[in-house]
Amino acid sequence: MANSKFEYVKQFEQPDQLLPNTWIVVRIDGRGFTKFSAKYSWEKPNDKRALDLMNAAARAVVTDLPDITIAYGVSDEFSFVLHKTCTLFERRASKLVSTIVSTFTGHYIYLWSTYFPDMLLSPPLPSFDGRAVCYPSLQNLRDYMSWRQVDCHVNNLYNTTFWTLIQLGGMDTTEAEKTLNGTFSADKNEILFSKFSINYNNEPEIFKKGSVVFRDYELVEPGTHNVAVEVDNIAEPVQQSKSQLENDKKKRAKARIVVEHLDIIKDDFWDRRPWLLSNKPGKTPKQP
Amino acid sequence: MANSKFEYVKQFEQPDQLLPNTWIVVRIDGRGFTKFSAKYSWEKPNDKRALDLMNAAARAVVTDLPDITIAYGVSDEFSFVLHKTCTLFERRASKLVSTIVSTFTGHYIYLWSTYFPDMLLSPPLPSFDGRAVCYPSLQNLRDYMSWRQVDCHVNNLYNTTFWTLIQLGGMDTTEAEKTLNGTFSADKNEILFSKFSINYNNEPEIFKKGSVVFRDYELVEPGTHNVAVEVDNIAEPVQQSKSQLENDKKKRAKARIVVEHLDIIKDDFWDRRPWLLSNKPGKTPKQP
Amino acid sequence: MANSKFEYVKQFEQPDQLLPNTWIVVRIDGRGFTKFSAKYSWEKPNDKRALDLMNAAARAVVTDLPDITIAYGVSDEFSFVLHKTCTLFERRASKLVSTIVSTFTGHYIYLWSTYFPDMLLSPPLPSFDGRAVCYPSLQNLRDYMSWRQVDCHVNNLYNTTFWTLIQLGGMDTTEAEKTLNGTFSADKNEILFSKFSINYNNEPEIFKKGSVVFRDYELVEPGTHNVAVEVDNIAEPVQQSKSQLENDKKKRAKARIVVEHLDIIKDDFWDRRPWLLSNKPGKTPKQP
Amino acid sequence: MANSKFEYVKQFEQPDQLLPNTWIVVRIDGRGFTKFSAKYSWEKPNDKRALDLMNAAARAVVTDLPDITIAYGVSDEFSFVLHKTCTLFERRASKLVSTIVSTFTGHYIYLWSTYFPDMLLSPPLPSFDGRAVCYPSLQNLRDYMSWRQVDCHVNNLYNTTFWTLIQLGGMDTTEAEKTLNGTFSADKNEILFSKFSINYNNEPEIFKKGSVVFRDYELVEPGTHNVAVEVDNIAEPVQQSKSQLENDKKKRAKARIVVEHLDIIKDDFWDRRPWLLSNKPGKTPKQP
């Protein structure tokens, strides 16, 4: 074949498989979204339409890639979790990251007009970058998720107070910054409540908790499953029968993918949804 | 900060900087484009609109990321070349790959209606995956580019003959495959010419050569620059003055980005455009 | 400093830290030991002196590097296990592997004359290569250790039968190979017993089980510790007080390092020695 | 096979091939040699016997591994260079590093008594760690070598002056340090000359230049070979005939390996020895 003289260049491709039996998190981040949000005059501190668009794009990613177990989003970032037994794309980092980023971006652009019907998108277009990180234990993964949700809380409380000082309190950004400098959570709650009669607890859950995207099955009673132990005992990619795998695939395809705003730090969320960690589809919930 | 308990999870992020002083190629590929092209009944063997859309998206990527030196596309793939002195994103592989893939996908979706005004895009949306490869020497890089263009030629000659046998010769796919089995280039040229009076040389350049995307400056006489030696002597990221860098940046931003269908295997293409390998902007061409 | 012009070359050093919270196994292998063992006419199928020398070198490695939890050796290979919380050399792969290989080789050469007093060592000298592998879960690590010990058993049963057929049965190597072709363990046991009155079970433990090297503390009753759960809950390198760490270090330095030939596949070995997995020194055994 | 249940653990081994067409440098360093040199009361600032032992061990490494092109050593470190076309061990980093470290350590221990006949070696034994670095261009490699030799010069001038101030000038270490603080090369030369009548230029070459280890062929006239261009044109591992490779191997095995103390920063060293960069054995020098 005429090709052979040049084909040696393929040897320069280096393998990038991620370590087996580890949880893979692919986190994507908006590039230059401060500027981007200014261009479209998004509301401060949170623009509900922008968050809904992020969530819709993430939902599409979870739909297109059934290997994704759960996703968590806040602001202009989203984390997608692949189960530790996942073998999608032979666990090649660049393939996983680029596919998720591409699918997300595609839907973000495609759905823009649904969420911003009155704003015409124009170049430079929004874009996202991403990276994959491996977490060896379930505790590490849970801590990663908690890290992002605590970050959401801390940032949102700050931003809510900051923009209230400006929008309702008439401060400029420098004054607001100075006012918040060195304050603790309690102080910010107090500022909001005493000065503006705002009870932070009553703020929308989507702002306070971020968004969780996952397949929805029938909840189980906490304590009836010991998933943690179950999960850590999976030493190797479990060999399942073909028909079992086909079955699971169908169940996953049929499952409703939901976007919720729940506490994912406490055990309760995970205890009631053992399928998230076990990688075995749950029962389809009864229709009301 | 409340965060600290979970923040240790950041330690699991592993560095992925690409080796300095090597040419970086980020190649992206359409995911499942056989199925996708069937969905929109693209013309066989080449759909001009689809190629133009690919090229428009690539052009947007080169515009958004001035660090890209040149890009080469064929079918549903595109290769983006970053100069060996490039320090964009500290040469982090996942950041480079994901940003290019995201920017490309975004423009592909955004520009869809321009190139397919009568076809409404609907999920599952087109998406792309990507990877980065390092090439230590200029010869390696040139050989990579040649590899892709030879591939373009070989595939296009095959596909042109294959679909001619079907569309004009009335064969089914099995018969066409059988007819081409074991043939050489000369045989395919002969089939096209003797049976269908098609001179393959007269096929559109975009089909035969693929597409090259680059910044256009004034061509130089071949032989007046010895870029190869110049380039290989760059041992380390050359320290340039701030004002020089600013200057170069402005020149790059002003340069016209062109899409052409040229032979990039022979030296001539590179000899006339020394800026591609030297990473120094050329002279702005005189307006006619 | 005169150095600065060239110092940029340091940038080409790429990081190679191993993923945190995973067990690290460094396995070293003798290079060309078939030839080497022929040169010194080692006994077949096992040379007790050669194994004792391997064990003595491994013991010296465990002494020099207190971060090593346990080591397991068979034939011309040895595996050294570093606890998943280990931060020695910042977990840099090449540093860990090269230090262990160097320390092992040094002692192997140094101790040669003790174990082969009548054989003068001469170049080419014995040497070893090594590699590091990460295991995310305790089960993976246990399975790795089991894999090596099963390998030891399978090879030793084969070799014992093979060399008995030759040494006692008068066969040549081709005949012996042919005789063993397709046989199962039971067949080999039967050959040994019925033809040569050898009960494989009575073979020396060092040949059948390989060698385990570890710090020896007072054994505990199985079932009194649940190390597995304890260990998997260590999500991050546990912050210990300085004095605690100093204390542990002293206890480790004082501990007797033993070489034993035990079953490490069954739980019992690990249950009775919780310090191996918990990374907390046990009680010093009472002197008899 | 009984093994299969555990064999899955092999999947955790991750590939570590170094990028093709790059020069590989494996640098090894003595571990804790300050303490080690104190234990054996080595002479300050340089112990000729210790350097000769390092060089002898390095010579043995170059003999055992004919793929090594050249080695350069100073103090307790040695750098071994593998040609960019080298395919030894499929360019696996851990295999290359561990083999070189092991071979070096083995010979260091083995040859100890030759160079220190009156000093009995005892544990803790000397050991070395190592790492591999890739250099894409010849200029990068040359700069690496220059970096090490400049380092040798800078350190040796400092150490020579420092220890002269102590040994001949009667200072303690604090006074000597203070005296040298902020001095330039010229100042140190001046101190040596004016106070102690020592002309630094007359110091032994082995101290001032370090040691180069390589295969010795007939020198060529500088300017008759353009190796740099030749070398950079090697785009891919050149396919050589089997007989050619065998021939080269024999020539390499027969070549005398020399230890010299030459300037490797200037072009002359490399111009006269084109085989170092071309990887083609030179002519055997005529015997006098």
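In this document, chain identifiers A, B, C and D correspond to the written order of the chains, with residue numbering beginning at 1 in each.
FYI, a residue touches a chain if its C-beta (ideal position, glycine included) is under 8 Å from a C-beta of that chain, and two chains touch if they have at least 3 such contacts.
Quantities reported herein were computed from a predicted structural model and do not represent experimental measurements.
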Subunit C onto subunit D, rotation angle from CA fit, given as a multiple of 5 degrees: 180
Classification of the subunit A:subunit B interface as same or different, half of numbers criterion: same
Computed distance of Cα centres, subunit B from subunit A, in Å: 32
Gap in Å, rounded to a whole number, between the CA centres of subunit D and subunit B: 43
Whole-Å gap separating subunit A and subunit D, where each centre is the average of the chain's CA atoms: 51
Overlap residues in subunit A, where contacts from two or more other chains coincide: 8, 12, 14, 19-21, 134-135, 140, 143, 235-236
Subunit B residues touching subunit C - in the complex, by the definition given at the top: 8-9, 11-12, 14-15, 17, 19-21, 235-237
Interfacial residue positions of subunit A with respect to subunit B in the complex: 1-3, 5-10, 12-14, 16, 28, 31, 60, 64, 89, 92-95, 97-99, 101-110, 121, 123-135, 140, 143-144, 146-147, 150-151, 153-154, 185
Of subunit D, residues touching subunit B in the complex: 19-22, 84, 134, 136-140, 143, 229, 232-233, 235-236
